[in-house]
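Each of the next two complexes has chain A plus one other chain: chain B in the first, chain C in the second.
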Partner chain A sequence: MTRNLRQNILVYALLAVVLIVFMTPIYLIVSSSVKPSPIMFQKPPAFLFTPTFEHYHDLFAMRPFTKFIWNSLIVALGSTAFSLTIGSLAAYAISRIRHKRMNDVAFWILSMRMFPPIAVVVPYYIIFKSAGLLDTPLALIIVYSTANIPLTVWLMKGFFDEVPLALEEAAAVDGYGLLATFWYVTLPLAAPGLAVSAVFCFIFSWNEFLFALMLTGSEAQTATVAVMSFWSSDAVQWGRIMAGSFIILIPGVIFVLTCQRWLVRGLTMGSVK
Partner chain B sequence: MSAITLKNVIKKYGAVQVVHGVDLDIDEGEFVVLLGPSGCGKTTTLRMVAGLEDVSGGELSIGGQVVNNVAPKDRGVAMVFQNYALYPHMTVKKNMEFALRPLKLDKAEVDKRINDTAAILGLGELLERRPVQLSGGQRQRVAMGRAMVRTPDVFLFDEPLSNLDAKLRTQVRWEIGKLHQRLGTTVLYVTHDQVEAMTLADKVVIMRDGYVEQVGTPEEVYTAPQSTFVATFIGSPSMNMIEAKVVAERLEANGFSMPLPDRFQGKVTEGQAVTIGVRPIEIKRVAASSTGAMQANVEVTEYLGNEALLDLRVGPHELVAEVPADQRVEPGKVIHIALNEGAIHLFDTVSGRTLSE
Partner chain C sequence: MKHLRTTALCGAVLLGLAGTASAEGHFEGVELKMLAIGDTSVTRLAPIVSEFEELTGASVQIDMFPYPGLIDKIVIEASSDSPSYQLMWVDSPWVGVLGESGALLDLTELVQRDAEEIHLDDIVPIQLQENTWQGRLLAFPASGMIWHQNYRKDLYENAEESAAFEAEYGYPLAPAQTWDQYIDIAQFFTRSAGETLAGEVLEQDFYGNAQAYSRVAGAITHDFFPIMRSYGGQYWDAETGLCAMDGPEAVAAAEVMKALIPSNPPDYLGLMWDIRTGYMERGETAQSSYWSVRTVRLTNPEEAVLPTIGEAGYAQSPTGDGNPQPTMTGALSFAINSKASDVEQQAAWEFIKWGTSRDMMRRFAEEGSGVSQFHMSILSDPELQARYPYYQVLLDAQENAQRRIFHPFYADVEEVFGVELNKYMAGETDSAQDALTNACTKIDTRLRVFPEELRLRWINDEPAAIFQ
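Our next item is the complex of A and B:
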């Protein structure tokens, strides 16, 4: 056996291990979601069975699950859009304005992410209750954005730092003001940063559970909380939980794949020598 | 009316002043080159004209309007950057369109201008390419094209040739000169390359440490340098500088002596410390017996084809002489030289200013 072949086998073996570790939960979710309830916990597990869609049917029949998915989408997309807008503008300012306290400002923004969520759940609850925002998507959009904006600021600052100043100067001489330059020149060149930020913001908002549980009721409940409601004191309806989990997986995957086409390197190549 | 006027223009970064009261008048259609070593304030001055740097003091006018507080976009200038600064996410055509968009022209006019410019600069084939797919020379031409399509009142060039190789530099230099003749637009051009300055400029502005040393035509700055700095900066190889004293109507230096040329009579005082400047080409080989002949040791000989450079030692002084190639000598030999008295320059050693006027 040649050295090359041995190396390849080792690499593929490692890949296989990684793949198994990552894919097993997904396999369990998918298979359990279509497994008839009676054989759900059979030992050894049944690999071959006639799939059933009863759990999916129950999911939508017993609960307004479509509405919860919509809530999740509104909250996740809303927070992502809001965070990207505010975050990239803030990042641009931090990247471009020369001021001796600018690093402190940047650190202060980052520190927003350092508090443990559980510590602020109750204050948030009280604030939103008095503001009349409990059980509204807006409350979750605000809460998620407080976590997403710092992340976006820090990611985007790095990307803006890479955009050559000369390009903005060229645009200024060519007749563009500050915002137009930002919109037509700087932001397009930081598109990969925007894509990365969008993925992180969306996934965080889409998956979030604690705040969604505490701050929403029947109206603004998100899919993650809804799925857990099948876990009650008298029964855990695993089939429905798995069916719900599988549905929850899908938008995230679609979103990441959509953003992926922007995740390219070397966008600014060829601009300045 | 002047196209650009600088009146006592100053630039400060905090407490550090980098441009000290520059006065300059640029006429309509004139090609003016700001020339100087790095850090002399020439690029800062250009950037102030472009509006990319604030003016800390003085008055800057373009087309008769004071523009100290006018945004770059409203100054009617176009700029070619040292690193080209092409928009990498746009094709060549889009780069030019983008520069035209603020002018709000109709589509036919936009296309006409782009096609005309592309024809002049030979960019026709490249219009659909992106900057990353272009060579250095092509990028340079696109950068010029992007500035040209706007038909601005003033062109600003910031060392546009410094990123090109030697051959391409000569070619593009020639193209820039031709373009200026054709378009007749006012040009302010920054470079540290004296060849670019001498070949392109109607007027050269030599800067040093944030001060203007001399303003003049290329011929004036070459033949009548106002200071030792200009004298040594312009011309290649550099002018030889010999420190001397005026003693009894002679210029006396250590191991070196010559009569004070008549034209300096009355302009110097007995005992004054002066600097004699003589261009390498004005040092001639002479016979040992001729008047004013000085003995010189040849230390290095550089053969350049038509001519040769001789590095000479005369007493403690090191001089460079440029002689026809067939008059060159081996290093280590001793020859006799004389300075062309009619071509020497005299400067006050303390102030560095010329004594020729």
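Our next item is the complex of A and C:
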């Protein structure tokens, strides 16, 4: 056996182990979602069984789950779009404006992510109740954006810092104003940063549970809360929870795959000068 | 005389109709929203709320949320002067914290006013007491919970197994009356794959018992407290209002649970309520004690394997010495937001009466729905008893019953004892006494902040005023 072959076997074996570790939860979600309830926790686990789609049927029959997925999409995409818009503009300003207090401003923005969510749930509830926004997707978009904007600002600032000022000066010479320079020159060069920020914002908004639980009713309830509503006092209906979890996985995977091209560039940008 | 009887009969019928019609269309335009969970007490009702809407004119929307976090959502909701939810689903241990915060409407007068209509005398009294705080009835039972034991009747009646048990332990095999017997039975029936059970070679391990030991959501405390109570233990010191769950009865209960570990499924530290009941439902354990809300599954082949491979038996919970001790009960109930408007409160009460009525409960029982019953006439009905053999056990068990914990610090107790007991079962704490002392110390640290007078008020189980 040559040294290369041995190395390849070792590498593939390690990759296989890593793959198993990462894919086991997915396998458990998928298999449990089609496993009949009476054998759900059978020991040893039943690997071979006649699959049933009753959990998926129940999920949609017992709850308006399509509506809840739609709510999740509105909230996640809405917050992502809003956060990218405001966050990239703010990041551009922080990156370009030279002021001795600018670092303090940047830290103040970051500090907004330091609030423990549970500490602000009641104030949010009261504010949205007074504003008539309780149980609306807008309330969640606002709340999630308060967490997503600081993240976007800090991520995008790094990308804008990497864009040479000379390019913007050249654009100015060509007659571009500040916004035009930002839109046509700087932002496209920081596109990988936008992709990274978008993925993080989307995943956070898509998965968030606490605020969605406290600030919504049946109108704006998101899929994560709806899935967990199968945890009742007398039973945790794992089959339905797993069916819902699998469905919840899909949009996130699609979104990440869509952004993947820019994501890889974004994550590696700056690693080599 | 005949005319008199006819007139009296007509009058009674008219009065009855007037009573029934009192709510008909009376709440046109009233919108009710219910903050609930996906519990059977709700999911069975949700698909038929249109019947109530047609009857009263009110509209009803039931929002189902996860059990974890629901109490927090109720508390936040109750802090608003213009509530979004008029109806609340309430677990009976929450009554203390919700009662202390003034979140729930006192139903005493409504219940007394409509006592005849709701067949108050037919409701198991402890189920009403479960929902009482300082004598005020704050919620109305929608599903009763009674702690009892389930066992493999087919195995207990197997001649070979029965004889072997008696030869080994010196007394006949029967549903355990003491926890020592429970441990004996658990040890006796614990078999490995390849061994014989009731004349058949086992393809997989068989367990002597299945109890919950998980710290998640305090699952272990749901098994520990009934055992502690069956030894005569109490939650609180009646003199100080401080934690008493580290006394000899509590230690005995923790040691029983520890002794049961070798007979429990190997993943015992992760067993929550329904994963534990799953072992019984699949017929993989000889006995398991739990709340009656899941017992109905043992009678239904669509929800459990056991009815197709054997037969479940039911008995009251064992006690420390075999002498009677109060059964531990609980209740899953409906309540009204105290901040709702008058007309909303009236409509909400109509909904509660409709959704928890004896007729509705009988309908659920006849349809095979898994609601744990709380009307004596239903639990004692011979036809229903033939279908649900555990009804008589539930009825008998509640003759001498004591309510579940209702202290405003219930959540703390569940969390702290969940962790400390779980650590003891995992071998991280040396003794039961150490684990329980640790837990009580943590609880007392929180309670000592409050004056003794208040602490004593919190543990005062004043009888519901509706009984006076």
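Points to keep in mind about this one:
The definition used in the following text is that the second predicted complex is superposed on the first by the 247 of 273 C-alpha atoms of A that agree within 3 Å, B and C clash if a C-alpha of one lies under 4 Å from a C-alpha of the other, contacts with A are read in each partner's own complex, and residues count from 1 in each chain.
As a convention for this text, contacts are C-beta pairs under 8 Å (C-beta built on N, C-alpha and C of every residue); 3 or more make two chains touch, one makes a residue touch a chain.
Keep in mind the model is a prediction, meaning the values are calculated, not measured.
In the superposed model, A:Asp174 makes contact with chain B only, not with chain C. Put simply, more of the residues of chain A are touched by C, taking chain B and chain C as the two choices.
In the superposed model, A:Tyr184 lies in contact with chain B only, and not with chain C.
Once chain A of one complex is fitted onto chain A of the other, the partner contacts of A:Pro164 are limited to chain B, with no touch recorded for chain C. Once chain A of one complex is fitted onto chain A of the other, the partner contacts of A:Trp70 are absent, as it touches neither chain B nor chain C.
In the superposition on chain A, A:Asp135 makes contact with chain C only, not with chain B.
Residues of chain A that touch chain C in their complex: 37-44, 62-63, 121-122, 125-126, 129, 134-135, 210, 213-214, 217-218, 221, 225, 228-237. Contacts from chain C toward chain A in the complex involve residues 33, 37-40, 43, 61, 63-69, 72-73, 76, 79-80, 82, 84-85, 91, 204-205, 265-267, 272-275, 278-279, 281-282, 284, 291, 293-294, 303-305, 332, 370. Within the complex formed with chain B, the chain A residues making contact are 164, 166-167, 169-177, 184-185, 188-189, 266-273. On the chain B side of its complex with chain A, the touching residues are 50-52, 71-73, 77-79, 81, 83-89, 98-99, 101-103, 130-134, 136, 139, 146, 150, 156, 163.
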